Amino acid sequence: MAPSVQVQQVDTSADSITESVKKIALGVGRTGDGTSNFKGGFADSSVDKLPEPTRKRFEKYGIDISRGYPERPPTEEIPVFIDDATAIRNTPWEFIDRGSKADPEKKALLGAAKEVKHLTKHIGTEIVGLQLSELTDQQRDELALLIAERVVVFFRDQDLSPQKQFELGEYFGKVEVHPQQVHVPGIRGITVIWPELFKKFGPITFRKTLNHFTSRWHTDLVHELQPPGITHLHNDTIPEVGGDTVWASGYAAYDKLSPALQEFLDGKKAVYFSANKYVDRENPLKGTVHIEREHPIIRTHPVTGWKSLYVNRAMTSRIVGLEPGESKVILEYLFDVFEKNLDIQVRFNWKPSQPGLGTSALWDNRISQHFAVLDYEGQEPRHGTRVSSLAEVPFYDAESKSQREALGLSLD
Amino acid sequence: MAPSVQVQQVDTSADSITESVKKIALGVGRTGDGTSNFKGGFADSSVDKLPEPTRKRFEKYGIDISRGYPERPPTEEIPVFIDDATAIRNTPWEFIDRGSKADPEKKALLGAAKEVKHLTKHIGTEIVGLQLSELTDQQRDELALLIAERVVVFFRDQDLSPQKQFELGEYFGKVEVHPQQVHVPGIRGITVIWPELFKKFGPITFRKTLNHFTSRWHTDLVHELQPPGITHLHNDTIPEVGGDTVWASGYAAYDKLSPALQEFLDGKKAVYFSANKYVDRENPLKGTVHIEREHPIIRTHPVTGWKSLYVNRAMTSRIVGLEPGESKVILEYLFDVFEKNLDIQVRFNWKPSQPGLGTSALWDNRISQHFAVLDYEGQEPRHGTRVSSLAEVPFYDAESKSQREALGLSLD
Amino acid sequence: MAPSVQVQQVDTSADSITESVKKIALGVGRTGDGTSNFKGGFADSSVDKLPEPTRKRFEKYGIDISRGYPERPPTEEIPVFIDDATAIRNTPWEFIDRGSKADPEKKALLGAAKEVKHLTKHIGTEIVGLQLSELTDQQRDELALLIAERVVVFFRDQDLSPQKQFELGEYFGKVEVHPQQVHVPGIRGITVIWPELFKKFGPITFRKTLNHFTSRWHTDLVHELQPPGITHLHNDTIPEVGGDTVWASGYAAYDKLSPALQEFLDGKKAVYFSANKYVDRENPLKGTVHIEREHPIIRTHPVTGWKSLYVNRAMTSRIVGLEPGESKVILEYLFDVFEKNLDIQVRFNWKPSQPGLGTSALWDNRISQHFAVLDYEGQEPRHGTRVSSLAEVPFYDAESKSQREALGLSLD
Amino acid sequence: MAPSVQVQQVDTSADSITESVKKIALGVGRTGDGTSNFKGGFADSSVDKLPEPTRKRFEKYGIDISRGYPERPPTEEIPVFIDDATAIRNTPWEFIDRGSKADPEKKALLGAAKEVKHLTKHIGTEIVGLQLSELTDQQRDELALLIAERVVVFFRDQDLSPQKQFELGEYFGKVEVHPQQVHVPGIRGITVIWPELFKKFGPITFRKTLNHFTSRWHTDLVHELQPPGITHLHNDTIPEVGGDTVWASGYAAYDKLSPALQEFLDGKKAVYFSANKYVDRENPLKGTVHIEREHPIIRTHPVTGWKSLYVNRAMTSRIVGLEPGESKVILEYLFDVFEKNLDIQVRFNWKPSQPGLGTSALWDNRISQHFAVLDYEGQEPRHGTRVSSLAEVPFYDAESKSQREALGLSLD
């Protein structure tokens, strides 16, 4: 019944265990929790399912999909152990937000647009009549400022190469290169956002979408030492109906709190974790674990100087210094502030006005959460390329103000 | 310190108490909980604040606002006691849904439209290029069917008189006449939806909007013996930015539940209550109380034959037959099904493409909840006229199917 | 259908309305929410149901029940309006806690006892072999100190007259005289605790005990300007099996919180309300309302100097300065700290070792909650007399320490 | 930075991976979650900390602690993989409850006792004046019936050898032998319950006791195919103050539910899991997992025929057939029914009346939860020996009745 082990013959040295774990990781592969894969390259190619608009875009701009699609980093570069994974980008570097150099009136950008539509009062603006690929540096700086103020900015009808998208991302910050996730072949900084790939973990079903890891409120890459500021998702293939994304403003969420709760959270830290999981070298059998990082739970935005509530249901585990039960009820409340106050959200349908063109959303992860609506249930193609521009080490400035305070709006 | 009462001299007969209460109701007026007002006519006129587009519409169509605006029913017709209020429309009448007579393909309606846009997969369709005032009866029947299927249907750029709106409401069912709420002068079936009026109960402030009784998930008039099917809200004045409304589908909410929970709820009843409150004749000091009514918690739609989850956070108090604590946790869960599953919601911005025209939303209250977003904080005018067409006594047909079951979609 | 009111003839002066309300209060009587009764004297006499041990005790000590039992204050002294009710005992008076004068070692009291049993580590001590009626002032002072330290102290096998109980209560503070609740005939400061009386509001049933207002976690009289310190409940009639009471320690509850949450609550206030309800003179129809009072949510005990968490599920409505949703989740958490941590509770069975004698519990309301277990379902008699000694205006001393901190115990 | 692996040389056969995992298990040992240990024998001996009363009892009855204390099964018998662990006792065997043979009046047992004290109405009885070691088979049968009726039965002042305790356990059913937990040396069926051992996983601290895996509401060994009926815990060492245990009745919990919720749960199954965790052979890196077993969520007791609610917060993961969110809110409610209704609980202090003797509690796990109060914080010794008598495969009999229904008590 129970396995018979010859204890005295077992080599239990640290080196031996490390080698055993690597062997298991590569032998078993995916760890079954749907988040990690230690095999790289083109092993899981889904190139034959690539939507036509995406294929045309790649062809037009010289993306080589002849070896497969999408690409994953080489196996030997994918970390197996949590200490190796945590060590990636673990050294601070200096970031200067492009928005800080912009004309506060943003005349070069807004003046050039055919139309500037504020989609709601507190979040979301659509710029009509400009191509992202053709923005001047001055306009880019002003766009960075506009995003910092409006949280998310949209551009429909874009003809945008992956290369240009990457270049714009590099302009805004340091492009994030994921150690494990799939990317556009040949360009490791462009993550592929393609629900077709989720089907490997099981069907996307109507009843369970809310539990699905792809369709829930989250903020990208919060576990990084310097998490992304601007993320730019360009969807080149969009369902005929549905597939909206919803964003919520962290500035406005902060302003929803009572002064007493604001004061309680000001200066506190929370623990944020990665989507992917890795093996604990000291205890390989306890299960793969997330990379964890502490950041201020209230962040100050370096350009606007406004405070923002920096939590999200998917990847914030606890408030530092509280008992587990205390942290749980307060975080649950804060998640609901984002999710239940519809006046601090914008819901966006990606459909372009001209078929064949794509739509871009550029949002600031420092001051937002988002949620991808799966109402099309993976029955229609949707494909996007995402570039995340890493920004500053999150900080809290005790002298900074809330958005409403800074704008002189009523605080009641 | 304590009041001295000459007990022996007090006339405590029922008649005497009834008269005392009426005296208090008229003397004190509004009962302080913000929902009841026992004074009628034009006493609270806000005519000087009427937005310009509304004024023009009224002028064009001969609505007389010379005595004030809005109008309330005459004082002598406003019930003070809960038994009187409950007695209103307490006799069943036969309702035949216009949608039941419609061409299932809806060719007359859809064929005449310039464009038919499904705004999401499960809820919400916009019809472009038609005037509601000009629909034929055949098109009206098909519209009723379309609403029954899509939950809510939108028409922008409408030139619509209150009289025509009323007449369309009468076509769809029996127009609800509220015993107490404000209406367009001279037409008691057209309720005024004008956030300006809420300010009498205190300012609409950013931090507290979610607690505000006007900005939360609800279904209209659920306390009626025969609650409304189609409600038609025509907004003639719309904020430049914001003021969206969000709807959620009761069909889809039902399909989100496990078969086990569906079976548990099938055939059960819940208690629904009115927005307004009235005095309990037997116990006048215990506080004004809501009109309460039991309906099936799972309703079958008479036209589609689909099951719908009929609960809403604002006006569903309990599930009949459960202990209070049991009812509370299950209702709370059901409310969240509507509120947290973004794939069963549609968010609509009312702005017309042509200034000076209005926008209409027609939704089926039997199969939906909605939420009015107050992001404009009452700082910009928004004004609408609402006609609610009462429909059948809510019923549950054990043979009926869920929407996905009927449409042959995956139930997982 | 709707009542016809001759508006022009109604006298709606304030005086007239006040008189109308009084007429209703006396005509309708109990307001139906089970907490208020504006008729006084012996109107509701239940003397024939008085348990035999109680009857004997009253006979022995000359309590006259010939006019009925229990007694209520005279009708003319029972306040109808909330402003009158709030005005009662609304002027601060100086309180000196008897425990502050006691020998810290409590030798006179503990040395005289046959046995001193600590029932749990953190709360509850039983003194064996002493009669409360025979304590010297020195012993009484030491008892006050012991209660302040152990939260609740028990004495079985007591032969105690109501008069002596009252006199002991006067020694500990100012005996509370309730404007409305039932008392021992002739002694207004001795409240009758007799579940038999609850039956007037409906049967005490097994399934609903937790919802029953008599069987839930609460602290006595928190709405007073100077709420009780020591409450002394003497049960002269006790069920053969069951009828326990459970107490929980507010000192220990405070020590269960993280330092961060302690710091958040230190110095904040909460709103506490009365069990009974009264009419709002300005708005008589909105329903009777509780007396409300703000106190520090963390109290410092004047004798021990220890901090205590001062909340209870039954009668704490909100934390001052927080949004309603914030207050709700934090209070709910704090209630659970008391209710779910069984290591800070003591459960006591009242049965004496000698039949015919009674059992006394003396607890400090400033630092505790309690819960009366209704497992006997009112099927067996249980009767007690309660004297509450009002204490200081609740205060928070920023220099005070938690119990564990003061005792040098581990704070982890 | 990332590890370099020579992919082509890795042996990823199943056998090779199995051997690698065993090597890790033995090399790393405890998996860090505090529940598993794959090393057996006397490796972790705490013999020097053994309390004096335990040492004397062992000495008197010939328990050999010369090799260490406590003992764990041999390493080669401790399962590493979940499939091996699940396979233990996975074949049904016939169980006949001794209570089914008993005289319903239990005259032999109750007549011999000096006193029979019902500690509360619904749960808990203490038998005074009998030695468990001297019971006749007739008395043992009657004791089994008494436990089935009263949920838990106590005997103080017992002089009980481990051998006699084991023998009594064998009489009541098949004694559970744990594959991994510590036992009395030489007798694998007697589990050691000794808080001193928990300290290896970190200190037992006041603030965190509720989160501590040893101090929370649970039922023993619910993951077994045939979980224990009667568990007999004999505490030979007891703190001077504190260390109570609290039990709650599953019969009474069922009777607390509304008929509608009872009907919903009747016949449903839930998933129960083990305290200990093991490696998933197919996916060794995903983390050790619990043994899981489905049982009816409402059980019928084979002797009384009464229905019991069979859930506990610590080891019930979900209700079969419900969506995760549905299951969570309903289970949470059911846990609270046990935990918040103090009228279905008994709290017991283990202190004997004569020093040097032990106290026994015998409870029926089929119809109860329990909670060990850690108010002594591990500062005083507490030591017990536990024998669990496995009983029938849990079943639900649709014809069975609730306790109150069977006893003819009010169901309201």
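To keep things simple, chains are lettered A, B, C and D as they appear, and every chain counts its residues starting from 1.
Here is the rule we go by: contacts are C-beta pairs under 8 Å (C-beta built on N, C-alpha and C of every residue); 3 or more make two chains touch, one makes a residue touch a chain.
Quick caveat, the model's predicted, so the values are computed rather than measured.
Two chain pairs are in question, A-B and B-C; the one with more C-beta pairs in contact is B-C. Most remote from chain A, judged by the distance between CA-atom centroids, is C.
With centres defined as mean CA coordinates, chain C is found 45 Å away from chain B. The mean-CA centres of chain B and chain D are about 54 angstrom from one another, to the nearest whole unit. With centres defined as mean CA coordinates, chain B is found 39 Å away from chain A. Residue positions 207-208, 210, 256-258, 323, 325 of chain A each touch two or more of the other chains. Interface residues of chain D facing chain C in the complex, by the touch rule stated above, are 118-122, 203, 205-210, 215, 241-242, 244, 246, 252, 255-258, 339-344, 347, 349, 371, 373-377, 404, 409-412.
Remark: chain C residues 1-5, 7, 10-13, 16-18, 20-28, 31-33, 75-81, 84, 87-88, 179, 207-208, 210-211, 279-280, 282-288, 323-325 touch chain B in the complex. Across the complex, chain D is touched by residues 256-261, 264, 268, 319, 321-323, 325-326, 329-330, 332-333, 336 of chain B.
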